[in-house]
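Encoded as structure tokens, the structure appears first; notes follow it.
We call the chains A, B, C, D, E and F, going by the order they appear; numbering starts again at 1 in every chain.
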Amino acid sequence: MSDSSTVTAPSGRHCLKLGLPKGSLQDATLEKMAKAGWNITVSSRSYEPYVDDSELSIRLIRAQEISRYVELGYLDAGITGYDWIQENHSNVHEIGEFVFSKATRQATRWVLAVPDESTIKSVHDLEGKRIATEVVGLTKRWLDSHGVKAEVEFSWGATEVKARELVDAIVEVTETGSSLRANKLRIVETLLESTPRLIANHLAWKDEWKRQKVETLFLLLRAAMEAESKVGLKMNVRDRDLKNLLESLPALRNPTVSSLSLPGWVAVETIIDESVVREIVPRLKAAGAEGIIEYPLNKVVY
Amino acid sequence: MSDSSTVTAPSGRHCLKLGLPKGSLQDATLEKMAKAGWNITVSSRSYEPYVDDSELSIRLIRAQEISRYVELGYLDAGITGYDWIQENHSNVHEIGEFVFSKATRQATRWVLAVPDESTIKSVHDLEGKRIATEVVGLTKRWLDSHGVKAEVEFSWGATEVKARELVDAIVEVTETGSSLRANKLRIVETLLESTPRLIANHLAWKDEWKRQKVETLFLLLRAAMEAESKVGLKMNVRDRDLKNLLESLPALRNPTVSSLSLPGWVAVETIIDESVVREIVPRLKAAGAEGIIEYPLNKVVY
Amino acid sequence: MSDSSTVTAPSGRHCLKLGLPKGSLQDATLEKMAKAGWNITVSSRSYEPYVDDSELSIRLIRAQEISRYVELGYLDAGITGYDWIQENHSNVHEIGEFVFSKATRQATRWVLAVPDESTIKSVHDLEGKRIATEVVGLTKRWLDSHGVKAEVEFSWGATEVKARELVDAIVEVTETGSSLRANKLRIVETLLESTPRLIANHLAWKDEWKRQKVETLFLLLRAAMEAESKVGLKMNVRDRDLKNLLESLPALRNPTVSSLSLPGWVAVETIIDESVVREIVPRLKAAGAEGIIEYPLNKVVY
Amino acid sequence: MSDSSTVTAPSGRHCLKLGLPKGSLQDATLEKMAKAGWNITVSSRSYEPYVDDSELSIRLIRAQEISRYVELGYLDAGITGYDWIQENHSNVHEIGEFVFSKATRQATRWVLAVPDESTIKSVHDLEGKRIATEVVGLTKRWLDSHGVKAEVEFSWGATEVKARELVDAIVEVTETGSSLRANKLRIVETLLESTPRLIANHLAWKDEWKRQKVETLFLLLRAAMEAESKVGLKMNVRDRDLKNLLESLPALRNPTVSSLSLPGWVAVETIIDESVVREIVPRLKAAGAEGIIEYPLNKVVY
Amino acid sequence: MSDSSTVTAPSGRHCLKLGLPKGSLQDATLEKMAKAGWNITVSSRSYEPYVDDSELSIRLIRAQEISRYVELGYLDAGITGYDWIQENHSNVHEIGEFVFSKATRQATRWVLAVPDESTIKSVHDLEGKRIATEVVGLTKRWLDSHGVKAEVEFSWGATEVKARELVDAIVEVTETGSSLRANKLRIVETLLESTPRLIANHLAWKDEWKRQKVETLFLLLRAAMEAESKVGLKMNVRDRDLKNLLESLPALRNPTVSSLSLPGWVAVETIIDESVVREIVPRLKAAGAEGIIEYPLNKVVY
Amino acid sequence: MSDSSTVTAPSGRHCLKLGLPKGSLQDATLEKMAKAGWNITVSSRSYEPYVDDSELSIRLIRAQEISRYVELGYLDAGITGYDWIQENHSNVHEIGEFVFSKATRQATRWVLAVPDESTIKSVHDLEGKRIATEVVGLTKRWLDSHGVKAEVEFSWGATEVKARELVDAIVEVTETGSSLRANKLRIVETLLESTPRLIANHLAWKDEWKRQKVETLFLLLRAAMEAESKVGLKMNVRDRDLKNLLESLPALRNPTVSSLSLPGWVAVETIIDESVVREIVPRLKAAGAEGIIEYPLNKVVY
């Protein structure tokens, strides 16, 4: 297990060891990796899936543990949530955050929740109480920062059901709050908002080859996510209508305008948010655009 | 329930109340809406699904009933079949028809059907007989128009199986006739052909904002359906071959021709029916086209 | 059954009778045909599925048997594996090979395998032994060519499990070897590598109309397969950076360069392997490219 | 269609034509028929399923319509709900009611429901209002009986969602009320309680052979349902403890007591409700019972 | 592989090696074995499943091959169809036949089938023709026995679809003939009727221990199958009604009559066919029986 | 949360609060409870499922945590594994153990496992090593008891895959060892064998009503489990053969022998292990038994 920071591929070429989250986030992560250009094949029970890049070596590990092994150098880099980096207090290099641009996607939040009828209204009411959570470290540090003393116990899951009679409060993860509401729990405070991050081991980051590999990975994952909410729009318009069309439609910023062989007409092409197409198409038609088509995209790099 | 024609969204902005068919057509309709640009999320039991447009308020209602509530003004607009508008005798404004361009999609027909061995050969043989159908009103008016008197009884479904021993004839909906043939029934006459329609309440249609909203909806639904059977085709060709290529291939009507930086070559791009690609590609190659590619489309607006 | 080489469609037009593999390869083959432009509908048990081309008549037959019936003239053409053409010793015209360009797709191999602990190390150790296989003919000819005499018995499947106690060795098909390893078998030698082929009956190939039909089929199947591993890449670049960008990136061979209305900028568009996108995008950015987008393709014809 | 009351099987033997409910109740009904001893095989689309009794001819018809066709004599007998017999105002002979003895099974109820916040508190508040329901006839007669005038419109289903904004009240079927509560509706009054019934045409009931066949059917269906909540209980006890055991345990009414070859011991066997076993077993043990076993039953006929 | 007839279990005890059919019959066979008392657990790909009897060692092998390996002595015994024993011309000892007593279960038949419109009417019309089949040996011997010379070719499956244009006739297996009819084929003659058999190797059969083991297996498999169509029936009746009840109901042959402690009453218990219960129960009631119960059975040994 | 030891049902009657394991053991446990006579209905997410006994209140909690909450008095009783009682070092009253009598069911074992090629051969080789496990407490106490010092780290699951390169050894739960073997791990030592237990809080056990309730629960759960591996066996035998039959078959201990009305015959009935039926039936037949039947059981109380 020594010497893990100098992993090389069988052929003697460089190799980056990358940790990806096993379990509930696994499918979503592998789908993003495929869109970015890396196809990963997981056989059952496999911890080392196949990836079609000899410079990359994938490990499937629980999201909770990835930052730990990146810090220790067993992994060069990994994708995990900001929450678990904080819970593990891991000293790693953070390359960047993945912002899901789809409107319905939200950051996950770790919140303090209590039964609807509880008298607890703020962190200060927790003095001397018992709290169950999967993130014991994070919760303790948060209580410390508020000068509150309370007992924090580790929960193996199904934490919501404990808040009513087994403990006084819980610290639990939520996206929309619907699971909490279903258990008749009320959110008191938010401890942390979390999004997925690409992280690297500090030594790996100082290695020129590894840093470039990680940066490329980040660039292409971002490009693939960006493309999920974008489409290409193409149309023909008369020369004389072009200026008016562009001025009246600020969404068409930075379009590609190319001349056509038919005199007096140009082709206009641009990339826009899928969500504005339904508003912009009627206005493009009104402004003289003809033959408007919308086509899908795989990647968008600004 | 009063005052439904002035629905406004929570924020005080305008809002259009739109009825979509619940049940067997629901998935297909929501898929078309998504292609048009409106993402609708249905939670179980939901009659008011979420849509990512604060100017729209969706209601899921049986197709049979939509025109009734549009006429009464509880809904501003709706998508339903021409058959149920006729059955309900609803007085509504029809914005337009959705023509499914895929070859296999056909209009649905309401037909008079009898057992293969029946002696009934035309509407006139129905005098004094018993007919089961889901469209009692439509059937009675059709019999009246032919001066025929017969008993029409409402059928709760599974109408085909009754034609053999429980009634003399049925009026039933069919697309390909295969279900009728499987029950050894013969089509005698067609009462009505039906396609999906976008309809609006007359008052709502006079409201400037609502009419524009409905028209935009229609424009984008049509664009999404059009794109299902179309593809983009792009190729490079020598200047001197261009005229010949375009003349010999009438399917390439209205192509976009743009100049390339390589002297003597132009790029030709067009939108054509997917079904003609397999015939046209060999001829394009023969006519001098190079680097031919075909790509998918999301929307096509003529 | 005579006269099969002059098949005509009901309407008196020409018709090509094409055999496609039934069973495990069926879905993959029909998907490729659809991408090429022929939509095939299989009803259960059907041997003659519907295809939306009146000049084509499809037969679903086991891959093992297709070359036999093409040779005999019952089929004009067919798609099958090189392995079964060899096993059947069929005298047919081979139009071409389908090379799956996706990195994970490999040719299938027929290999001689024995238990890990067996003393058999090469073909010469098989003298006097018993071998189970689905390809008896191919195995016997291979043994003959090495001057080895052994008993070859036909296996109905599940061949791997026999190698341990029922026979001395097996000849079995494998892609990745994982099924063999799971049964603790060791590959001794490879008898044959096999890929899918489009084949035609010799007489059909001499028929002008049929040869053209087969060639069109091959052209479009290749175009659809080619497109599976390709994407379109489009970007804007300054005039002054163009030469440098193209020289430093040999993967961008033969791009379409079109002028934009914005002075000093051109649009560059090209088709490249999806697998190189992850390497080339960082270098394109470094070379001055802006607004890089990747879009999917349906077909690519060189 | 004439002469339906003298249906005979192909072999010239007597035959009873029986209607069973198609749709949501179909599977449950066929399962009960199988427990009673008649195995019915439904092929897809089938209206006349196969039954392993040449004296029976099954028809699958909507529960709503069965009483109509029994009354007209197209069916000799049928199983349907009391609600639809009432809605259709059918004049038929009722053989008996099926009481589901499992504790969780309840009669279905047709209730008048309104939004929680509605001002409607009783049937008298409905004067001049609009009501949606699947049972238009039943609702109108109920309003008449209370001297209330209101508009009743036929609803094709999904009636709950209309009560909030499309109509003033609904008449809907419910078992536990949970679907109404989920739609925030309040039950105002109960119009009708309904259980499944076995009904017969009056003429068929006068036919000696048919009446016996229907009565046998009823006897065995009741026996199979009875057995669902019963078990057999068997134990050994000393002669001298027997009287005490029987007296202290009234649930053991009417046990079979048989002598054993071992002097001084008897075997006691009885049929009891499965739900009392958990209470009675400890008391049986205390009263001296040994070797207590519980076994399942298929049918119980009192 | 030598010496297979003296297989012993790890502990030095005797062991019987039993072949069971892998594939389409596997689940049904394992279910019967479980009912007989042997629980078999198959892990995926497993050829040697676990069985809870250390004196038994199971092998899952294609039904087609079992008799071959029993004959050779690699297996001591096996369950397979009479058809494959015949096809393989295997010299084995047949312990007995499994007769499925359920009414719907029929023996499978191998039949000669031709297209509906074929001129072939009997085996004698096959002279000089080509026949496709999975049972080449059986077909050739049958032709020989009729003095007919024809070409018989091995078919890999999906044989029905070949009969129309690839061969003149097929020999195929069928239960109800529905698959043949669906392919518009007509049955000309039946070559063989087949049921499952338990077979043993001749040497194994001479081994005292193995013969007893095989006979026990047969006894219990038969008992479990018998029980599938039987139920237990139990009732109380007055002494004075007993004779009349037994005489009038011949189905109650051989009942167990035991005295009860209540003077004047006896308990009658018998095992009868489930299919006669629905006829006999009303007559039992009429004859004075009370407290009739029906209970399920696991095994019945006559 | 105080005062949990005096829980009462809404009606003022006594109530026992029982913890059952949530997660992988949940379905099996609820099935056993149903067989014992308590039907539990779990709605999704529910922690307090419905049970058809007003004297019982169920909680679904992770098996790992149940003993902790029983000890604290939040639960009166619970079912959990001996392993987690030990891991939690819980001071609770153990009513009894559930022994699964089915042959294939084994106690689960917690074992120390290492890669096949590891040099670790016993607990003593662990000095200074790193061990991953879900049972940190249990592992540490086991190391202490052997005087070995090693680092024990908590694993969130998927522990097997870590043993190869992330840690030196793991302590993992296993039934058959197959998952370990699949990961090429070797078992070094067994730390603990575990079976399910019914436990109670010490105070609750002293409450007369609660102790009786818990004992009834145990009695009926044992009876239901006992019945899973038992069957009823019934046969007729001649008086003169009875003694011989009973003597030669010790498995028939304590049979019920009742006289029949047919002179010279008796009925013998007994309860035996399903697994001995296959051995005993041939011997019963040989000893003169006739009409042997086997029937299923729901519960067996000795």
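Criterion: contacts are C-beta pairs under 8 Å (C-beta built on N, C-alpha and C of every residue); 3 or more make two chains touch, one makes a residue touch a chain.
Values in this document were obtained by computation on a predicted structure and should not be read as measured data.
Looking at the partners of chain B and chain E together, the chains they share are C, D. Repeating the A-B interface with over half of its contact pairs identical by residue number, the matching pair from A-F, B-C or B-D is B-C.
Put simply, the C-alpha centre of chain D and that of chain F have 39 angstrom between them. Here the spacing of chain E and chain F, counted between their Cα centres, is 38 Å.
Per-chain Cα centroids separate chain B from chain F by 60 Å.
Counting partner chains per residue, chain A has residues 258-259, 295-296 touching two or more of them.
Pairs of chains meeting the touch criterion are A-B, A-C, A-F, B-C, B-D, C-E, D-E, D-F, E-F.
Those residues of chain C lying in contact with chain A across their complex are 103-104, 178, 231, 236, 258-262, 267, 274-275, 277-279, 281-282, 285, 290-296.
Contacts from chain D toward chain E in the complex involve residues 36-38, 52-53, 212, 215-216, 219-220, 223, 227, 232, 254, 256-259, 266, 271, 295-302.
Per the touch definition, chain E reaches chain C in the complex via residues 1, 22, 45, 47, 60-62, 64-65, 69, 74, 156-158, 160-161, 165-166, 168, 179, 182-183.
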